[in-house]
Structure formats: structure tokens, C-alpha cells
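My questions all concern the structure below.
Chain lettering (A, B, C and D) follows the sequence in which the chains are written, and residue indices restart at 1 in each chain.
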Amino acid sequence: MAQTEPVSLDDELFREIILDHYRHPRHRGLLDPADMASHGHNPLCGDEVDLSLRVRGGQVEGVGFEGQGCSISMASTSMMSEEIQGKSLEQAHELIGRFRAMLLEGQDPSSLAGIGDLEALSGVRRYASRVKCAMLPWTTLEAGLKQLEGGHEPAGD
Amino acid sequence: MAQTEPVSLDDELFREIILDHYRHPRHRGLLDPADMASHGHNPLCGDEVDLSLRVRGGQVEGVGFEGQGCSISMASTSMMSEEIQGKSLEQAHELIGRFRAMLLEGQDPSSLAGIGDLEALSGVRRYASRVKCAMLPWTTLEAGLKQLEGGHEPAGD
Amino acid sequence: MSALALDAERVRLDFPILAERVNGHRLVYLDSAASSQKPEVVIEAVSDYYRHANANVHRGVHALGERATELFESARTAVAGLVSADPRGVVFVRNTTEGINLVAQAFARERLGPADRIVCSEMEHHSNLVPWQRVRDQTGCQLAYIPVTPAGELDLEAAEALLRPPTRLLSVAHVSNVLGTINPVRELVRMAHREGITVCVDGAQAVPHMPVDLGELDADFYAFSGHKMCGPTGIGVLVGRPQLLEEMPPFLTGGSMISVVTLERTTWDEIPHKFEAGTPDIGGAAGLRAAVSYLESTGMEAVQGHGAALSDYAIEALSEVPGLTRYGPSGANQLGILSFNLSGVHPHDVGTVLDRYGVAVRAGHHCCQPLMRRLGVAATARASLYLYNTREDVDTLLEAIGEVRRIFSD
Amino acid sequence: MSALALDAERVRLDFPILAERVNGHRLVYLDSAASSQKPEVVIEAVSDYYRHANANVHRGVHALGERATELFESARTAVAGLVSADPRGVVFVRNTTEGINLVAQAFARERLGPADRIVCSEMEHHSNLVPWQRVRDQTGCQLAYIPVTPAGELDLEAAEALLRPPTRLLSVAHVSNVLGTINPVRELVRMAHREGITVCVDGAQAVPHMPVDLGELDADFYAFSGHKMCGPTGIGVLVGRPQLLEEMPPFLTGGSMISVVTLERTTWDEIPHKFEAGTPDIGGAAGLRAAVSYLESTGMEAVQGHGAALSDYAIEALSEVPGLTRYGPSGANQLGILSFNLSGVHPHDVGTVLDRYGVAVRAGHHCCQPLMRRLGVAATARASLYLYNTREDVDTLLEAIGEVRRIFSD
């Protein structure tokens, strides 16, 4: 049964790094034309993200997003955009996996240490309802990549 | 909140008088022709009663029933038949009211004292599920009388 | 400001959960509009049922079956008493949502067609909106909405214009779960009945907070939830006009709602049993019965008075917070539900920061997406008050809002 | 006779109600098929929820909301684990009855027409019969019944003949609540699926009493009730094949089951949430979670073993009572449900006399009027066994039956 936790959550939840991304989002603005466009939405809170990618030779050449939502979802989107810029699609998938593992499967946040600012989001883990906020851009990216790759696969596969 | 009752129900619930009516029902067999025919049914237990009456000048001249059910419903039907035989419709209504008051409104069973064997059914009051059994012939009679009187009323009323 | 009508400090002691500490702070529970807390007597009524009386109802010929049936039916009588209704019209359902679905499917879907219209309002909870969209899609009828004014009230002129042919059914909230507005239901019922329009009322936010007299309101259907009125989850109530309930087909079918079943056909039991298929939430009914008697012994007038006074106090305090926008009316037409936004801060972030100070509010669309759109926001934060809330709770809320502003200030 | 597989005398101590005295006697509760008793851990899980975690689910950004949501979803995982199902297919409903109605209305009514046929059996509980009659009346499809043999089993040859076009849906009990028969559901599913027929199983009497592996059974829908498996009233389960659930429209609509709502139209949340409109029975889910872990820690094999051994013991004892007719199979195909009649005594009278000796049995049609007709009786008495029953209980039953015979002997 649930117990009162004497000490609370990460007092650093809103630490400067998150607020900084929230206030000064990187990669804001959609790309046009884009190779991938993906829309994500959290029906529980109304947060929305539109993600656009330009891809050349399996590399993410450009990232842009629009969105509205809380500090967690917007900071997560901004941080993600920073990280995948210039990476290969494979690396993007791998990053999605690592981020998910950290937030949903309880993996040590140090697995994201050194990957830009992402580790700062680890405090979100304690709040199931906010995990969805942090995950929003990542599931949106994943859905977009799936579509992109599906379209690019040789027929018959 | 419900409490354990240390002393139980009427140990006389199945006393001889009820069992006697159950084993040797009075007025068994339907009348044909009849002035009133009424069917009663308790969906919870499947008990059924068919009641037929011959009425002359506002008097119950003949009563007959068929039915299947438990000792309580059958004994109640048998006792009721005995009591209304020869009574006026008005008296029948009054008896229905008194019986109901005793079983459902918690009226002192002595109100039925001296009216044949009816008082013997008072032990049923403690068992909500059995009250329906005891009431079955009475509600069947009431429904039948209503129809009979409705039909016999001068038109326009 | 009027004096508080009950001693909330004492009432608090009746609710064991209010002794919880959350994130190192005293719990300040301001989310009663989502689900209220339960007094000890309700919690115990439920466990007492399982300890002393548990059995299935309307079936047993044994002592426990008798106890369970009596308890269950006495819960029905108690609920009927609280809202001045005929017990024959009191149907136990899971919650308000199921109650409204019952009316939608067993009444509206059966009776309406392409020539008819249903009316609800822009401030409805999804539970009093989506079921009517379903009926519209199933029957081809129209669906129209009474607009909400900028003051957060129903536009009564527009309502009057809508409450005539081809409208056949009006379904409207008694009290808005976002704005706290008390809608003039008596007046709407009068308008509707003049035109032969059936009225269904979503009473989820009314019955817990104010005296409700269904005899006087005269609505045809009225739904509410036990869990918002100090009762357990799992049990709610639909009150229906007995005559209508008798005419309607059943909603769910199965055990306990039948009269005669053959392989070919089935006849139904009498109301209200016709609408209670299968084993009901008997433990929940025991808890709801205790909740009703708890509220009655406190007095619904006092509950409303306390809510109104505390609401005034909170509205005044909130009005002084820079950058805070509150949605909904003030004064006598407001029932302790305070929705607001802080400029530049998403309500989710408001909620999370408040939670760090032990203050539980809700943030989101409150199951009212169309109303959010009408208010021009994606979401709001919402503090909702109940009989166990105190001025100290409101003061803590205000302090915590100060922290939100501090953290999110540039 | 095999040894009892668990120590029922110790198990009894887990169930506080079994210490009650009824009419001056030790309570011998033999009506678990109607509703089981609850162990202390379940009663406490419910009150603990209200004391420490109560809040609405899937909505809160506050600590209590998180606790409540976690608890609720962990109940889903626990149930899925018990019956080896995908948690995405586990829908919380009130009871078996609602689960079957959901399938009837959101699956069968949507898909079937006059050219189709539904098949159930003559031994079905009203809850697995009346909903299909409704669908028949709504869609014009046919409805046919697998006959019951004199031994109280499904006539499998007849079943095979019925399980082909135009049959589109089979709905059948896993275990009969009157006869105790364990139906060969795995085999029926195989027959049905060969012909592309969807299968719904009423598991109300199976899940409480035996290991059920839905992965292996391979039914498309499977419903059961918490209150019959040591859990509280108000919560039940419908397990559906996720792919079918995804294709189906919702059943009830309203809060919590939506994705986007506008005044014009609504899109649905993902399964299983799409089927859970409004505030669910969160307290009930907490109790059900505790019930599942209680049953798992006892071991479903042990529960079944105990039931079978005690059932054998009781069947043998009953067979020696003069004038007693028992209905239903014996041996491995019988799950502790003993229906009988005493010649010349109505089962109601049997029940009332037994109650005077503290023995709680059920008397009536057991929501199986068609089966009663098939057996040629108006009603039966039914003693049903569970993990807390002992040989002493059976012995007391037999003594009390002796008293019935004494009272009603001529």
C-alpha cells in the first residue's frame, strides 16, 4: 500500500536547465519542406508537439518543432532536438530507447550522462503523470521515423 | 450495521399449523366457470399461484386455487382461501390490508388473532425473502379483485 | 464575509487521509471535484459490511443474504431521502457517467430520430456530452449547445430559443466542474417542460455540495456519483421519473433484473430492479448510505454555507495574485470550484509545484475540452473546496502559488 | 479420497465473517457461488486505499493521484497475471454481467444481422443469456442453444453441429453455477475458431476456483466478477483480445475514455481505457488486487484441489440421504457446486431450515430458469464450496438436512 514518502521528489525538478530550455527553446519553428512531419498529442493534458526533420543519407540534417505544453514537454522537445541534430537515424533510435529506459524502466539516469542536458529530466520519473509529458516528443519522433522508414523500405519487405 | 442475533427466529416457523395447510391444502382445484381468475408469480423463487373466485352479490361464494411453491406460499394460499370463502369483497379487501400490515408494516400479529390460522404466518416477518412467499396469494387476490371490480363498475367511472 | 457555517477543523478529524503528509508537508487536498475524501464512518461502513453481512442480495434465504439485502435497500431509501426522490426511481449505477449513458441508450436512442434534437451546453463534462454525440450518430438526430457567456454562465436567451421544437431532450449540468457555476436548472426545466422536452441533469457537482430537492427541481432524470460526496468509488445514482423508467427498456440485462426467462423470451422485473443487472456494488451502497447520513448529520445547508464562505475568501485572495486569471463567476452563483491560470506557466507545472508543498489541485482540461476551447486555453489549474477545507488550506495554496511564480519568473 | 490440498481450518481464520454466529450457530457459509466471503487482507486493502491514497485516477498531477493511478493499474497487471492475459485487454467493469453486455452491445450488435446466428447453451446464467436475446431482438439474428445432457453436461455433438455457418458467435459458461460442470471450453474454442466463430466465455464460476490460462484457452472474450473470487463487490473484469477491442466502438462513453473532444466529434483513447468511461471503482480495484494476490499465494491448484476433494466428500455424503436428488456430474468434472432437492420439500423451505442451523445455502432458480425447466424443477437448493469450507461444514450441512427431513416428514 502507498506510504507517505518523508522526503519528496527531486527538488531540482525545475532546475535552471529545464527552465532554460522552456524559456529559450532550441530548434523552434517547423522546417518546410521536410522529409518527416509528425504530430504528437497527450489527450490527458492537451500538450501538443509538431516535429519536422530533414534527412539526408540516413543523417538528421535539420530539426524543427512547434508545440504548446508544460515546461517538461517543451524542454524535453528542445533537448531532444538538440541531441538528434546531425545524428544518424540509427543513433536517434538508440537515443529514444535510452531515454525511454531511463524514464519508464527505471534505468540509472547516468546512462544519459554527458548526452547534452537530457539527464536533467530524470527527476520526472517520480511523477507518472509527468513522464508522459517528457516522453511526448520522443514518441512523436518514433512514430515519425517509423513512417519515414516504412516509406523508404524497398517494397516487399 | 447488522449484528449477530443471539436468539433466532420463531422456532415455530414451521409449526404444525403451517405444515398442515401445506400438506393438506384447503380449496385446492380451480373453479370453472369462475368470475375472477388471477395468476401470481414470484420471479425470485418460481412460486406460482392461480386463484379463481365465484362471486354473487358482492359475496365470495367459491374459492379455488392451484399452485406450486414452498410451504409458506402454499399454506398462506390455503389459509387465505379458507378465510375469504363466504366473505364480502369489502371484507376481503380489509383482510388483505390487515395481512399486509402485519407482514410488511410490522403490525402486531394479534391483529389477526382469531382469524383462522393466519396468525401462524407471523413468524415469516423476520425473513424478508419469505415475506414475498407469504404475500403471493394476497397480491394475486388483490390484482384479481381490482380487475373484477374494474370490469363491473358502471362505465364512465 | 459571512461566518463559516461549520467547524472545518473538527470536520478534518473525521477524514483519516487528511493526516497524511505529502512531500514532507501537511496534505492540503483541493481536488474534491475530481473525487472527495471519505470520512472514517464511510470507510468503516464498507469494511463492516464485509465483516458482518456480506452476501449476494435479493436472492438469499439465509441470514447474511437478508442483512445484505436490507442494507442495500436501506441505502436506496437513504439516497432517496437526501434528494427528496421516490425510492422506486433510484437506480444504482457505477457513477454519473453510467447514469447518463443509461438515459442516452435506454431513453434517447429508443425514442429519437432524424427529426429530433438534443440540447446540452458548452460547459458540459465529457460524460454529459459524448453520450449524446453517440446518440446523435446512432439516431441521426441533431445536437445543439447552449453557449456559455464570458461570465461563465449559461446564455439563457439562447437556451430559451433552443428549448422548442424539434428539441426533445435537454441534458445539462447542475453545477459546472470547471467554473463552479450553479445553473438555473429549475428555470430550465420549466422552459423545457412547457415544450414537452424531457430534462436530464448532471448533478455530479451539485449533490455533494448543496441541498438538492428533486421534487422541486422536477427534472426527469438526475445523475450523481457517490465518490464525490464522501462515498466510495464504484457506486453512483440515476434518479428517474418512475413512469419514464417503467416505459423504458432495460439498459444492461442479465441476472436480477428479470421476471421470467425462457429460451425464447424474457420479461423484466419492476423498477428500479429492471435497471440493475448482475450483482450490484453492495459494499459501495453500504458506504454510500453512511456518506448520506454523514452529510445529513452535518447538514447540507451548512456544507453549502461553508463552501460559499471559503470560496469567497479564496476568490478574494486569488484576485490579488499578479498574472492570475480566474475563470467562472463569483458570489452566490459559485460553488467552491476555482479554475485559474498563471501567465507564462503551464497549469501542469503549477500542479507539480503545488504538489511539492502538499497542495493537491488538478491541472488539465477537467474532461471539458470544448469549454477549454471556449475559454481560449488548453488547460487550467483547478482548486476545489469541500467541507473539510479550511482558511489555512487556502492560505497554503496562496503561498504555494507564490512559489510557482518565483520559480517561473524570468 | 484424495487429501485436502490446503489447510482450510487455517484459511478460515483469514475471513473475519466466518467468526459470526447465525441464529445461535457457527456460520457455515455454503453460498460462495453467489458471492464469496473476503479475507481480512482484501477488506484492509480497500480501507487502506481510502485512508492513504484516495484520489481520482489518470488525471492528477498530485501525489495522491499518482498513488491511486499506480494502484489501479497495478490491479490490472495483477489480474492479467492471474489469468495469463495481456493487460491491454483487461477492462474493468462492474461484474460479469456488464462484461457480457459490453460484448453483446459493442461487438455483436455492431456486427451481426438477420443472416447470422449466436449460440449459447441451456445451462447459461441469465447474464449470459438475456443479453444475447436482446441482440437477437435488436439485430434480427438467430439464437440457438447447445442442449444439456441428462448427466448435466453440454451435448458436444450438438455443439459441433451448431458451430458452423451461420453461427458467428458462441457464448458459453466455463463452469455452470447450478451443476458445477466444467465445460470443455478449450475444445469448444477450437471447434468455433475452425469456422471463424468468435467465442465469449462466462468465467464467473471458473476464475475463483481453478487455474485459468487465457493464453491457452484462446477465447476472444472472457468475463468474471471480483466478488466471487474473494474480492469486493463493484468490480469485475472483461478480458478481450486486444485486436478486437481496438476494432470495436466504445460501450459507455464520457470522461477518461476519450482522446480529443470537440462539440462536433470525439476520438477515443487507447484500449483498455476506451472501455472505462467515468471514474472507475478504484477502491474495488485495490481490493481485487489484494484478492488476486491472496489467491495466488494460496495457489489456484491448491484451491481447486481442495474444492474437488471436499466436493467428492460431500457428494458421497449427499448420495446417502434418502429422497435426495442431486443435479450435476461427479468427479473431476465437478467444481464444488452441489444442487439438490429433497422429495416433498420446497428448496426455499430447505434453505430456511438450514439457516436456522447457521448453514447458508441458496434456494431458487439461481438465475437459470431455462436450466430449471430442463431439469424439470421449479428450483433447487444449492450448497457451493470454497477454500474456507471444511469437512466439518459439510457434516453440519448433512445434519441440518436431517432436520429438514424430520420437520417435513409426514
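Just so it is clear, contacts are C-beta pairs under 8 Å (C-beta built on N, C-alpha and C of every residue); 3 or more make two chains touch, one makes a residue touch a chain.
Just so we're clear, the structure is a prediction, and the values are computed from it rather than from any experiment.
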B-D compared against A-D, more contacting pairs: B-D
When the centre of a chain is set as the mean of its C-alpha atoms, what distance in Å lies between chain A and chain B? 76
Once you find the CA centre of chain B and the CA centre of chain D, what distance in Å lies between them? 37
Can you work out the whole-Å distance between the CA centroids of chain C and chain D? 31
Centre-of-Cα separation between chain D and chain A, whole angstrom: 45
Which residue numbers or ranges of chain D touch two or more of the other chains? 20, 22-23, 52, 59-61, 63, 65, 258, 260, 348, 352, 363-364, 369
Could you pull out the residues of chain B that touch at least 2 other chains? 4-5, 44, 127, 129-130
Among line, ring, star, complete and other, the chain contact graph is other
All pairs of touching chains, please: list them by chain label. A-C, A-D, B-C, B-D, C-D
Which residues of chain C touch chain D in their complex? 16-17, 20, 22-23, 27, 29, 31, 34-35, 37-38, 42-44, 46-47, 50-56, 59-65, 94-98, 100-101, 122, 125-131, 133-134, 145, 225, 227, 232-235, 252-256, 258, 260-263, 265-266, 277-284, 348, 351-352, 354-355, 359-364, 367, 369-370, 373
In their shared complex, at which residues does chain D touch chain A? 45, 48-49, 52-53, 58-61, 63, 65-67, 69-71, 258-260, 269
In their shared complex, chain A is touched by residues of chain C numbered 20-24, 346-349, 352-353, 356, 363-365, 369, 372, 378-379, 407-408, 410
In their complex, what parts of chain B are in touch with chain C? 1-5, 41, 43-44, 127-130
Seen from chain B, its contact residues with chain D in the complex are 4-9, 11, 13-14, 19, 23, 44-48, 68-72, 127, 129-130, 133
